[in-house]
Amino acid sequence: MNGFREALEKLRSPYVEELKNWIDKEIDGIYKIKSKKLQESKDGKKFLLLTLEDRTGSVRAIDWYNAESNDEKLQVGHVVNVRGRVVYFEERVQINVLNEQDAVRRLSENEYDIERFVKSVENVDEMYKSLLRLIDTIRDEDYKTILQRFFVEDKNFVEMFKSAPAGMRIHHAYKGGLLEHSLNVAKLVDSICKIYGQLDRDLLVTGALLHDIGKVKEYMVNYNGIEVTTEGELMGHIVIGVEMLSQKAKGIPYEKLLKLKHLIASHHGEFEWGSPVLPKTPEALVLHFVENMDSKVNRVMQIIDKEDREKSWSEYDSNLSRRFFLK
Amino acid sequence: MNGFREALEKLRSPYVEELKNWIDKEIDGIYKIKSKKLQESKDGKKFLLLTLEDRTGSVRAIDWYNAESNDEKLQVGHVVNVRGRVVYFEERVQINVLNEQDAVRRLSENEYDIERFVKSVENVDEMYKSLLRLIDTIRDEDYKTILQRFFVEDKNFVEMFKSAPAGMRIHHAYKGGLLEHSLNVAKLVDSICKIYGQLDRDLLVTGALLHDIGKVKEYMVNYNGIEVTTEGELMGHIVIGVEMLSQKAKGIPYEKLLKLKHLIASHHGEFEWGSPVLPKTPEALVLHFVENMDSKVNRVMQIIDKEDREKSWSEYDSNLSRRFFLK
Amino acid sequence: MNGFREALEKLRSPYVEELKNWIDKEIDGIYKIKSKKLQESKDGKKFLLLTLEDRTGSVRAIDWYNAESNDEKLQVGHVVNVRGRVVYFEERVQINVLNEQDAVRRLSENEYDIERFVKSVENVDEMYKSLLRLIDTIRDEDYKTILQRFFVEDKNFVEMFKSAPAGMRIHHAYKGGLLEHSLNVAKLVDSICKIYGQLDRDLLVTGALLHDIGKVKEYMVNYNGIEVTTEGELMGHIVIGVEMLSQKAKGIPYEKLLKLKHLIASHHGEFEWGSPVLPKTPEALVLHFVENMDSKVNRVMQIIDKEDREKSWSEYDSNLSRRFFLK
Amino acid sequence: MNGFREALEKLRSPYVEELKNWIDKEIDGIYKIKSKKLQESKDGKKFLLLTLEDRTGSVRAIDWYNAESNDEKLQVGHVVNVRGRVVYFEERVQINVLNEQDAVRRLSENEYDIERFVKSVENVDEMYKSLLRLIDTIRDEDYKTILQRFFVEDKNFVEMFKSAPAGMRIHHAYKGGLLEHSLNVAKLVDSICKIYGQLDRDLLVTGALLHDIGKVKEYMVNYNGIEVTTEGELMGHIVIGVEMLSQKAKGIPYEKLLKLKHLIASHHGEFEWGSPVLPKTPEALVLHFVENMDSKVNRVMQIIDKEDREKSWSEYDSNLSRRFFLK
Amino acid sequence: MNGFREALEKLRSPYVEELKNWIDKEIDGIYKIKSKKLQESKDGKKFLLLTLEDRTGSVRAIDWYNAESNDEKLQVGHVVNVRGRVVYFEERVQINVLNEQDAVRRLSENEYDIERFVKSVENVDEMYKSLLRLIDTIRDEDYKTILQRFFVEDKNFVEMFKSAPAGMRIHHAYKGGLLEHSLNVAKLVDSICKIYGQLDRDLLVTGALLHDIGKVKEYMVNYNGIEVTTEGELMGHIVIGVEMLSQKAKGIPYEKLLKLKHLIASHHGEFEWGSPVLPKTPEALVLHFVENMDSKVNRVMQIIDKEDREKSWSEYDSNLSRRFFLK
Amino acid sequence: MNGFREALEKLRSPYVEELKNWIDKEIDGIYKIKSKKLQESKDGKKFLLLTLEDRTGSVRAIDWYNAESNDEKLQVGHVVNVRGRVVYFEERVQINVLNEQDAVRRLSENEYDIERFVKSVENVDEMYKSLLRLIDTIRDEDYKTILQRFFVEDKNFVEMFKSAPAGMRIHHAYKGGLLEHSLNVAKLVDSICKIYGQLDRDLLVTGALLHDIGKVKEYMVNYNGIEVTTEGELMGHIVIGVEMLSQKAKGIPYEKLLKLKHLIASHHGEFEWGSPVLPKTPEALVLHFVENMDSKVNRVMQIIDKEDREKSWSEYDSNLSRRFFLK
C-alpha cells in the first residue's frame, strides 16, 4: 500500500504484461519464481529455465551464465530481482538473464510491495468516493449515522474495507473486490427501488453497503494470495458482520437496528447457502437476489474476460457447471 | 373484456368490497354462490343462508322468504342475480334477500362478465403504453422488429397478453399479471444495464418482454379462476414460447434469434426448476435472477397487502416456508 | 410462575387429567374453551356442549341450564371458571355444569396462572441445581467465569432460561425444555469425554450449556402456547446467542472466546440446517451430534409416552416420516 | 463418409488394433500424434519417441533416423502418414520408422477420412433397415407420415441421423450412437406394448424414434471427437427436437402432434434432469424409463467390454459411483 | 379365501357396483358402515342415513323404521347384513332398509369373508399359471430349482404370495398385487432380454420373480385394508427377502446365489430409495428400471381408470406431483 | 499375524518411522518400492533414486553402484530387502544402498509379513479384553448368549473381527479398526444409557457390538491395502450382518432377535446413507447417532494427528468439505 514505492519500482520494473513493450531493452524487474528447471542444451551446455510471475501474468526467463549456482540458490516461491534483456523467442516474450553476479537476486519481504503479486481493482479511490456520495443520499438520519461511523469515521475500517476481497476464488477474489461488490449491490438496489416503490430505500441501500462487512475480518491477503482467517473459519462473515454492526449501534433505535441485522443475517437467502435465517422482509429478499446476481455476474465476466476473443465458447467452468458463450 | 357492460353492471351491482357503502340501500347485484345451507330459526322458521362472492371478497346473504324453493333451485357455483337490502348484522355486512319471486335468479354465461370473478390488475392500458414506449427505445432494428410483430402488429396476441396471468397461485396469479410481470422485468433489466455496462441492453430488454410469452397459451382464465390448458400441461410455456418466437422470426439474423431463444429457454435458471438449458450468457443469467426476484417480490407483496396492518407478522406461508414481517 | 397461587388454585381446581379422581364430586375449576356447540335434545331442550382443556388434556362439559345465555356470552379461547359435578357418561369423564348464575364465568388474565395452559417440566429446580453442580466441575477458570456470569449472577437470565422451551413443536416444546435439553446435552458430552480422551472437556461442557442460550430471546410463552419473537424470527437463536456471549465476555482470552462462539455458531452442523459455519473442531462436531441426538430422542420419547401402551406401533409421525415401535 | 477411400486406405494402412497381424511387415499407415518426446539413448544417440493413435487404440513408434528434424516439424494433434516396420518390443507392438525422407509426413484435412479417428458403430446400414421395417409396422397413418418425412424423405436428415452420437462421454458416445439408441428404445417399447395392452403402441414407437432427433443438431463430430454445437449449448436437444417436429407437421392432427411433442419434451422425466415438463401420459412415462435404461445399460456394457475379462470387478466409475461385476 | 362361501354370499348379496342391476328388487347384502347420521325430515320424522361400502364402492341407505334403535346399536366400521329394497333417488342408487327387526344386523368376523372389503385382482389363478409356465422356460437348473422351491413346493408361500399386495397405497395396493407386479416384471425383463442379447436371461427372470418376495411378510391384509407388519417395519422387504432366499438355497452354487441376492438387495436402485447397495450387474440395473417402471405405470393406470372418461385431465396426484392426460 | 517372525524382522529391519534412530548405521530392512527413477549426476554418473515405504511412512534411497541393473530388475510395487546405510541428506533421512550384489533383493510373498504394509491399531488384545468385560455386564441372558456365540465361541470370527478395518478410506481404515469402532460405540451407548434411563441398555450395547459385524466379510486386507470383497460389493455389510446374526440365533426369542436385527438394518439412519429401514426404536436412533459420531470423530482425529502441530489449520478435507482447527 505504499504508492510511492510502487511507482518507483514500476519505473525500473515493468509488470509481466508490459514486457511486450520492452523488447530488446534491459529491465531490472521484481517477480516471483513459479517454476525452475536446470537443463542441458544439445551441445551439452547447462542452462536454467525459469518461469517468473506477478499478478499480471507469467513469462519465461533463461539464465545461460550462472545456471548451476542459481539453481542451488533459488527456490520456487522466492521473490527475486531479475536483470535481463527482453526478447522474442519462439513467438513468445522471454527474458534473457544478464551475465552478472546477482543478476537474479532474492528479495526479503521489505524490499518489495506485495501489491505486485495480488490482483486488485484499479479504481479503488473512485469507487470509495462513489460510495460516499451514495451515503449522502440517505435521508434517514439513523441509517446515515451508522454508515458514517463505518465508512467515514473509522479510518482503520475504511482501509481494510478498501483492500479486502469479497471471495477466495469464485467471485471478486482480488483486493478491492469487497468495495466493488458492495458498491455494485448498493447501486443495483438503489435503481430497483425506483421500480418497486414500496421498498424502504434507505434501509436497503444501507444494508447493501453493510451486508458483507464481516469479510474484512474473514479474509486476509498476503503474497500467497487470499486466505481465510481463523476468525473467518470459526464464525463466518455473517456472524462477524452482525457483531461489528452491534459495536457501532449506540443510540440507534432498536427496530431499525434489528432490520439491518436481519439484512446481514439473511443475505445468503437459503439455509443450504449458510443463511442462519431466511429473508423475511421484502428488502431482505431483494438484497439476497441482487447480492447473488452480482456475485455470479462478476464470476462470469471474469471467465469471459480471460478467454481468447476468437473462440465461441469458454472453457467448461466446474463451479457453475457450464461453458459460457463468448460471441 | 367488455368494458361497457362492466360499467353498466357496476351501476346497479356493487362489488362485495363496495357493499359497505350501501348499508340500508337495495342492491341488484351479481355474485357466485360459494356455500349454501338451509337452516331453522329458534322459532322453527326455515331460512336459507348463502355465502356470495366475487373477485373482491365474500358476503353473507339470508333469504327468509323463499328458503326451501331457492335451496332446491340453486347450487354452489351458480352465478346469480340477487336483489336485497344491505344491512349490518353481528358487526358484519349482510344482504337480506327481498321477498320477491326471483329475488335470487341464476344467470347464464352471457348474462355476466367473468371479470367480476377473476382478479385483475387495474392499469392494464397504462402498462401496455409503458411497454410500447420501452420498445421504442430499442435501437437494434432486428430486436425491435420482433417486438413489434408481437406487441404491435399481432392484435390477437396483444389481447391475450394483456389479460393473461403469469402464474396459477404463487405470483401474478390474476388477469394482467403477465403484462405486469413482463414489464417489471424489462424495466428492472433496463436499469441494471446502466450499472453493468458490458451487457447487451437491447437483447436483454427484448428477452425480458418475451421470456414468458408462452404463458398466453399455457393458462386460460374462466369463471373458476385460472386453469392450465392441455397445451400448457403437455409442453410448458418455455417450449411454447420458443415456438411462438420461431413463427415470427422471418428475416431475423440466425445468431440474434438464437440468443433470444436462449433467453427464453434458460430463464428458469436451474435444471430442477424446469430449465432445459442453463443460462450461458451474462444476459441470460441476469434475466433469470431478475425474473425470479420479481416473482418472489410480487408474492411477498401480495402476502403483506392482504394482512391486517395491526399485526407484526403475516401468517406462515407454506410455499416460501416462512412468515413475513409487516412493520 | 406464582407457585403459591397455583397451589391454591389446584386445591379447588383439579387439572383435566385429575378429574377421574373427582367422580360424583363438585369441582370449581379453571379451563380454556376449546370448542362450543349449542344443541337440541330429542325432546327439544337446548343444551350447550363445551370442550374444556388445560395443559393436561381436554374434557366434555354440558350445560343444561343456561345454554343459550352462556352460548352468547362465551367464545372459543376464553379462559373460564367452571363449577360442576364430575360424572361418567358414555364411558368418558364429563362435567355437568351446575344450575347457577355464573357457573361458567370468564376470567381476566390476572385471575389465573398461564401455567395451567402451558406444558412444563416438573423438576425445574432440581435440574437447575444439577446444572450448577456441573459448573462447579469446570476447572478452566475462564470458562467457569462465563458460565457463572450467565447461570449464577444474571438472575434475570436464569429466570428466563428456566422457563423457556427449546422448540416450538418438534422437541422440548414446553416450559423448562431449554433447561432440560441444555443439561442433558452437557451431561452427555461430559460422559463422552471419558471415552474420547483427546477432547477439551471444559470447553465442551461449557459449550453444551451455552449452545442454545439465544432461545431465551427467540421464543416467548403465553397462554396461546409458544410463539417466536420478532427478534427470533429476524436473527435466529444462533446469532442472538453469539451476541449474548459477547456481552459477557469481558476479560476472557480471545482464543477461548472464539472457540466457544464457534460451538454456538456451528451447532446445527450442516448448512441446510441453518448453520452459518460447519463444525471445525472435534468438540464442535461432538456437540452437534449430541445436540441433534437429544432433540430426536426427546421427540421420540414424547411420541411413545403419549401412545396407548397396548398398541405395538405409534401413529405415523410426519415430521420424522415413520411410526415408532412401542414394545 | 467416403467408403471407397476408406477401403483403399485400409489396404495399405492398418488400424492400430490390426497391427498385431503385421509383425515384421512394413506398413504405410495414417495416425494422429498423441504424444512426442525427443530422447537420448545410453550411447548418446537421439531418437524420437511417438505415440500414434486412431479410433481403435494407440501404439508406440520410434524414429532413429530423422529424430531431430521430425521433432521440429511435427506437433501433437497432427495427422500423419507413417511408413515403418511393425515389431514386438518389450512385449508390446511397436512401429520402427523407416530411414527415409518423409517417412513421417503430415497430412492435410482432405488427405484422410476422419472416420479413422472417431469411434463408430459397425452395422449402421443394418440398423437403418431395421428402423425402416419398424416404421412399416406403424398402422396410424399420421404417425407413419411423420416418420417417413424424417427417415425416408429427408435424405440430409437421414445422413446426419446415421452418423450422430447420442452423447458426449457417458453413453452412445460414438458415430451411429444416436441411431443405435433410438432403434433400441423403439424396439424395447414395442415389446413392452405387448405386455401393457393399454398403451398406444403407434404413438409410443413413433415417439421412441423421434425423442432424440434434436441431437443431430446438438452434437458435431470432428477429428477431435464429439463436440456440442452452439445451437446445442444454447437450446438443448429437447427444444431443438420439438422445433424440428413442428417443421414436418403440416396436415397432422393437432392432438396427435401435441402428444408426440409431449413425448419429446418430457423424455428426461424429472425437472432436475432438464425436463421442461413431467411425463403426463402413460406413453411418456414408459418412454422416459426405457430411454433412461437404455442409456445406462449402454454405459455399463461399454465399461464391461473394455475391462480385462480376468478381473472380477471393473474400475470405479465416477459417473455411476460404483464398480461393476464382470463375472 | 373361501371361494365357495363367497359364491354363496354373492348369490344373495350383490356388491355395491352391482346394485344398479337390482333396482326395485330386494337384496340381503353384506357391507361395512362407512358413516352414519340420525336425521329428522321436514315433517319431524327421524331417519337413519347410512353410507355402506365394500371393496367396489359405497352406497347410501336409509332406515325410516328403526332409526333410533339402530343408531344406538351400530357403529362406523361394523360389518352388517342389510335387507332392503334398491331404488333410484336423486339420480343415485340407494337402499331403503326394510321395516323389520334386524333388517340391519351386525356380523361377527366368521360370518363374512374379508374378500368383500379388500380390493383384489380377479385373475389370480390365471396369473399364477402364467408364472408357472415362465418357470418352465428357465434352462439353468439351479435357478429353476430355487423358483420351484418357492412357487411349487412351498404351498404356504404360494398361498401368501397369491394374496399379498405389492404396496400400501401407491401401486398394486390390493390383494394379488404382488403376484401381478412380479409376473409383469418377469415378462418385461424376458422380452427385454431378446433385445439385449448379453444379459443372463435365466438369472434376470428368476430375480424378477423373487425380487419382492419379502413383501409376503411385510404386509398383512385385514378388513381394515393393508397394514405393515412389525417384521416389515423393522426389517423391510429387502432384508426379509434375502433371508427367505437363503433359507431355500441349499445346494445352490455360491456365485449364483450371490447374484440372485444382489438382485433382491439392489432392486430399489438408489440409496435414497432404500437400497442398501447399488445395482452392479447389468441384470440388476435392468431389474431396477423395469421394477420401477411397472410400479409407476400401475399407479398411473389406476389414476386414469378411476377418472371420468369425459374429462381431459385427472385430478392432481400429489404423490407424482402432476395431473395425467386422459385423452 | 505371525508375531514371532515380525519380532525377528524388526530386529534387523526398522520401520521407516524408526530410521531416524539409525543414522550412520547399517540396516537390512523390508520395504515396498513406491517410485523409482534412473538419473544422471552432474558428472555423468548414473544413479537409481528409489522411494521406499512401509505402513509408517516413506523414505528416499539412492543406489550409486548397481543403478542400471537394479533399474531393470525392480518394479514399483515390489517388496524388497534393502541393505544400506542411513544418513541425513538435505535435511531428510535417506538410505544409501550398499555396494553389494543383491543389496536390493525382491522378496516373495512368504518372505515377509504383510503387517509391515498395512496400518493397524496397536492394542488389539487390550481392546478385545475390554470387549469381553463389557459382554460380562450384559444381564439379559439371550443377548449375552448371542454375543458369546460370536465373540467367545467362534474363534474364526474373533480372528477376523480383530483384524478387520471398519472402512476403506474415510474412518477406521486400518486393521483393528472394526474392533476399535465397535468397542467405542458400545462404550458410548453404555454411558449414554446412564443419562437416558428409558433405554434398554442390554439391547443397545449388544446392538453396538454387532452393528458392523458384516464388515468382516465386506473388506479384505492384503498388501495393497484394504479392498472390498465381491460379497461386500454385492450385498453390503448390513444385509451380510443380518444374515450372520440369523445363523447364530437358534433358541433366541423372536422379538428380541427382531429388535437386534433392526439395530443392524437401520444403523445407517437415513435412506440416502444406504439404510434399508429407518430407526424405529429409541435404541436404534441412539445407535445411529453414536455410530455416525464415532466415525466422524475418528476421521477428524486422524486428520488432526497427521498434521504438523505448528500449523493452525489442517489441509482442506474434501470428504468433510472443510479444514479443521489444530490449536
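Every chain is named by a letter (A, B, C, D, E and F) in the order it is written, and numbering of its residues begins at 1.
Basically, a residue touches a chain if its C-beta (ideal position, glycine included) is under 8 Å from a C-beta of that chain, and two chains touch if they have at least 3 such contacts.
For clarity, every value in this text was computed on a predicted model and none was experimentally measured.
**Student:** Among all the other chains, which ones are in touch with both chain A and chain E?
**Tutor:** Neighbours common to chain A and chain E are B, C, D, F.
**Student:** Which chain has its C-alpha centre farthest away from the C-alpha centre of chain E?
**Tutor:** Centre of mass proxy via C-alpha means gives A as farthest from chain E.
**Student:** What is the size of the turn, to the nearest 5°, that moves the C-alpha atoms of chain A onto the matching ones in chain B?
**Tutor:** A turn of 180 degrees brings the C-alpha atoms of chain A onto chain B.
**Student:** Going by average Cα coordinates, which chain is farthest removed from chain F?
**Tutor:** Following the centroid criterion, the farthest chain would be B.
**Student:** For chain B and chain D, let me know how many angstrom lie between their CA-based centres, rounded off.
**Tutor:** That gives a centre separation of 50 Å.
**Student:** Any idea how many Å lie between the Cα centroids of chain B and chain E?
**Tutor:** Computed from C-alpha means, the inter-chain centre distance equals 44 Å.
**Student:** Which residues belonging to chain F are in contact with no fewer than two other chains?
**Tutor:** Within chain F, the residues that touch at least two other chains are 230, 233-234, 262, 280, 323, 325, 327.
**Student:** Tell me, which pairs of chains are in touch?
**Tutor:** A-B, A-C, A-D, A-F, B-C, B-D, B-E, C-E, C-F, D-E, D-F, E-F
**Student:** Which stretch or stretches of chain B touch chain A in the complex?
**Tutor:** By the definition above, chain B touches chain A via 184, 187-188, 191-192, 194-196, 198, 255, 262, 278, 280-282, 285-286, 289-290, 292-293, 296-297, 300-301, 304, 320-325, 327.
**Student:** Using the touch definition from the top, list the residues of chain B that touch chain E in their complex.
**Tutor:** That would be residues 230, 233-234 of chain B.
**Student:** Which stretch or stretches of chain F touch chain E in the complex?
**Tutor:** Of all residues in chain F, those touching chain E are 230-231, 233-236, 238-239, 242-243, 246, 258-259, 261-262, 265-266, 271-277, 280.
**Student:** Would you pull the chain B residues touching chain C in the complex into a rising list?
**Tutor:** 312-313, 323, 325, 327
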